[in-house]
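Following are the structures in question.
Both complexes below contain chain A, partnered by chain B and then by chain C.
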Partner chain A sequence: MTTHALLVDPPARAVLSDDQIRARAVHLLATILERDPETVQQAHSLRADLGMDSLSALEFLSSLSHEFDIDLEVEETYGLTTLNEVVALVTQRVRGSL
Partner chain B sequence: MSPTPQISKQRALLLGSSGFVGINVADALRAEGHHVAGAYRGRAPAFFVRGRLDEAVAADLADPGSLRAAMSGRDVVFHAAGHYPRYSLDRVGAIATALRETRNVLDAAKAAGVRRVVYTSSIGVLERGSGAAAAEDDVSPEAPASSVYRAVKWHMERAVSDARRGGLDVVVLRPGGCLGPWDMHVGTGGVVVAVVSGAVSWWVDGLVHMVDVRDVARAHVAALVAPAQRTYNLAGHGVRVAALLRCIAKRYGGAVPERSLAPDAALARADDEERAAAPVRGRVVFPRELVDIALSGAPVSDDLARRELGFDPRPLDEALDASVAWFRRTGHLQSPAPHPAALEPSQRPS
Partner chain C sequence: MNVAADAPTDGEVMGLLIEETRRFLAREVDPAAIEASGRIPDRVVAAAASAGLFALTIPESHGGLGLPLRSAGTIVAELARVDRSVATMVGLHAGLGTRSLVVHGSDARRARWLPALAEGERVGAFGATEAGAGSDLQAIRTIARPEGAGLRIDGEKSYVTNGGFAGLYTLLVRTPGLGGERSFSMVCVPRETPGLSVGPEEDKLGIRASSTVTVRLDDVYVPSDHLLGAPGAGMDLAHEALGWGRVVMATGCTGTARYALDATLAHVTARRQFHRPIGDFDVARMQVSTMAATLFAMESLADRAACAAEAGGDLTGLSAAAKVFCSEGAFTICDAALQLHGAMGFLEQTGVARALRDCRITRIFEGANDVLLVHLGAGMLIARARPETPSSGHPAFDEFERRLARLVAENRAEFGVRGTQRQLLTSRLARAEVCALAARASLDRAATEPESAELAAFAVDQLTREGHRQLDALRFIQEDERAAASLSKRAYSPWASGRSA
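Take a look at the complex of A and B:
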């Protein structure tokens, strides 16, 4: 049985650069969408460019929340439209939770 | 709703913990001090249930081994993850998936030795009752022929009946259409959003039942101490679609076309829209299952739940208010402009 485990512990999060956070986010997204990370661009729209529906977007946000052990509020996630915006929110939250 | 009778703190596994009903059941169980493990199927538990569960465990309804492992050591399993076909386009496939998953859950519960399963069904299994209102036994001997959604729910209850005969204690709860907080995927509340947003271009009349999801959740907690093998309708408030839509428009704004479609035209329209939406996994305003529910709608009695579970649904207005508040919180609906009297003098329009 898999239990809810912290994947990136606080000391590791403390030294993550913005680029590393972005790279992890792109990797997670590419895994969910089953596509090559090289084809995912920061400015891509989650819906129009990446073809995500609301369920896959929730899965992406959940994976980020789990990976970085951060809390995301429902209100702040509904306005997110691009990968850039998602990465900015996650980066801000990772920095704020340290 | 009256307080739940005293029961020792239960170790519960909640299937569907990131769903609309499931989140509210988790909150209600934890409010009573029970230990709630939420099952998740994807790569991670949904972000919005972080902190709302005591534990998160990976389990997939399609994987019997994962279910047995997740249920090991639990007193009770809440199954609020019954199959809900997104479109009513594939009757055979939807029923097959629903039966396979339901049997996996019930078989695993028996193998794991849990004391009880509380299964969340739907009043969609009911047919017009012999009395003034459909009671718990008013279920058709055959699966509803014209509705995929209702047939799926009917078949899942049939699987529950088989498991009961095999000795598993299953309490079945049948809510009406749920409204309220944590409607993450915009379920029944989609009607509210559509009316207020002016997106309703057609509708069909009939009787539907609406209930606040928090009252449904509390009934799940009360089901812990219900007599064995009981089934309860949790219909809530019966209301005509016409009255419901106009009530929403009057209370929160929006518009509703004056006339409803005839039943045949509504069925055809719903099917056409679902066929167009399915390839892109799009949403439709008035899904086929809602047309089916409205057209088959008849009064439903939830007197048994009121007597034995203390089920006492709050007024429909309160449920609608909660739904609108939720969708304003998530941005599906715009917050209304504050009344000028509520503004500071400098902020008031000149």
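Take a look at the complex of A and C:
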């Protein structure tokens, strides 16, 4: 999992809407899990619904860091269980780092 | 009648069992002949069963010996000193082959299968790996679909140890109908189930008499109670079983290494060159001392992992560390043994060559070491808090542990979650951690074994030096990553050009 076709240029982050961030996150997750993005729901639990273990979850979070050029600290990822929570964290960090 | 007074203690049971195991090995097991025949003869399997070797970890309530993992490991190590194929058969049965059924099977299935497994009437096998799913278990394609009161299974499992003659297969399969599209479950399939078929024995570098086959499942139907644990919990069960199995494998490696060291000691004290035993030369002394110290550390770490397994709790990191350390240690010791035997070691008659090829697979199966190290290191970077370790009384080691803790914290702060994906970082940290765990286990063992103090101190010195080497190498990660990316790209291009999608 090294190809991120959607890599965001820093200036472009300013204009990303919440929906766009969400869509990119879902696309990234679907690529990692090799599944159709249409079947991924925001309320999905990473573990129970998406079958992710701690390692694939780390891969996802790390890819998000690259994708949006944000630094996700280890501590702030504790307790994330659903895709919604991950997207909320990423959105907050994208806005915060502008 | 005082039952308690009549019942043998665990120590007495073990004493008898070790004697019985040695008798079995002396009477029945000729490793060269067994290897040459390419399979473990039926009479050896039957004699192993009579000796109780299939009953080790099966609960007493179901006809087994109910031994703790640590004791089972002792027996597997004893077997591995003589024949690694036989040790693998017994170890796999006691570990991956039966563990999940013992812990998670329904009462009815446990009552049905466990006594036969304890008797060796059915031998246990385990299947997770597939042609397209090695270290990446998420890629498993074998699928079990709910149908009526059971499951219909289709797929194929590769490299199934004991598979050629097993009576019960515990399989990790996808069960999208049970708890989500990405759900996995563990299921038992008895040998006689229609649709289960077994391929030819694989021809292998080592443990040549151990059975390794592909198991096919075509339209296999089993009742729902063949599922182990909660539907959809298969990946957790598999990791739990692998944690248990890796401890058994680590102890097996100590047996092979013990054999190689003993053979070397006999050789270097008898073989004379330049008018003295070759064991009297400094270079040989250093090699033999390093072998002995490595073995001491291997036994200490494997024992620590076995005790932790008995105590319950998450075994993932410790069992992976023990498996990596013991499989690499055994290979290094066998290689040094062969070298010290000179050209004689390259000949089959010494048995050292067989030990070397037999232990090679342990660095690969039940989790390739490279992958285990990457995962172990990622785990270190995201662990909530690194527990403060008490002073060991060995200042150089304490200093190394502090350096390791500091570097974990620094890399975590610098790279955040992204650090977990940098494999050169995670694997180097993990190698340092494995050194720390092995050293700590050696020191703790020496505290209860005063006669081992000198050996333990030497082991800790060596492990501390190696740990520092791994931490020193953290400085070069960026340039190593860059160089490896560029060089591999060049090297791959003529091979990959015709294959790109």
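Keep this in mind: the second predicted complex is superposed on the first by the 92 of 98 C-alpha atoms of A that agree within 3 Å, B and C clash if a C-alpha of one lies under 4 Å from a C-alpha of the other, contacts with A are read in each partner's own complex, and residues count from 1 in each chain.
In this section, a residue touches a chain if its C-beta (ideal position, glycine included) is under 8 Å from a C-beta of that chain, and two chains touch if they have at least 3 such contacts.
As the structure is a computational prediction, the values presented were derived from the model and not from experiment.
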Combined model on chain A where chain B meets chain C, clash or fit: clash
First (chain B), second (chain C), both or neither touched by A:Gln42: neither
Which of chain B and chain C A:Leu58 touches, first, second, both or neither: both
First (chain B), second (chain C), both or neither touched by A:Leu50: second
Chain B versus chain C as contact partner of A:Asp71, first or second or both or neither: both
Chain B versus chain C as contact partner of A:Gly79, first or second or both or neither: first
From 217-225, 235-243, 271-279 or 343-351, the chain C stretch with C-alpha clashes against chain B: 235-243
On chain A, positions contacted by chain B and by chain C: 53-55, 58-59, 61-62, 65-66, 71-72, 74, 77-78
Residue ranges of chain B touching chain A (in the complex, touch as defined): 42-48, 50-51, 55-59, 66, 69-70, 72, 184-185, 281, 329-332
Parts of chain C lying in touch with chain A, wherever the complex brings them together: 138, 179-184, 232, 235, 375, 378-379, 381-382, 384, 412-413, 416-418, 420-421
Of chain A, residues touching chain B in the complex: 1-4, 31-32, 53-55, 58-59, 61-67, 71-72, 74-75, 77-79
Contact footprint of chain C on chain A as seen in their complex: 33, 35, 39, 48-56, 58-59, 61-62, 65-66, 71-74, 77-78
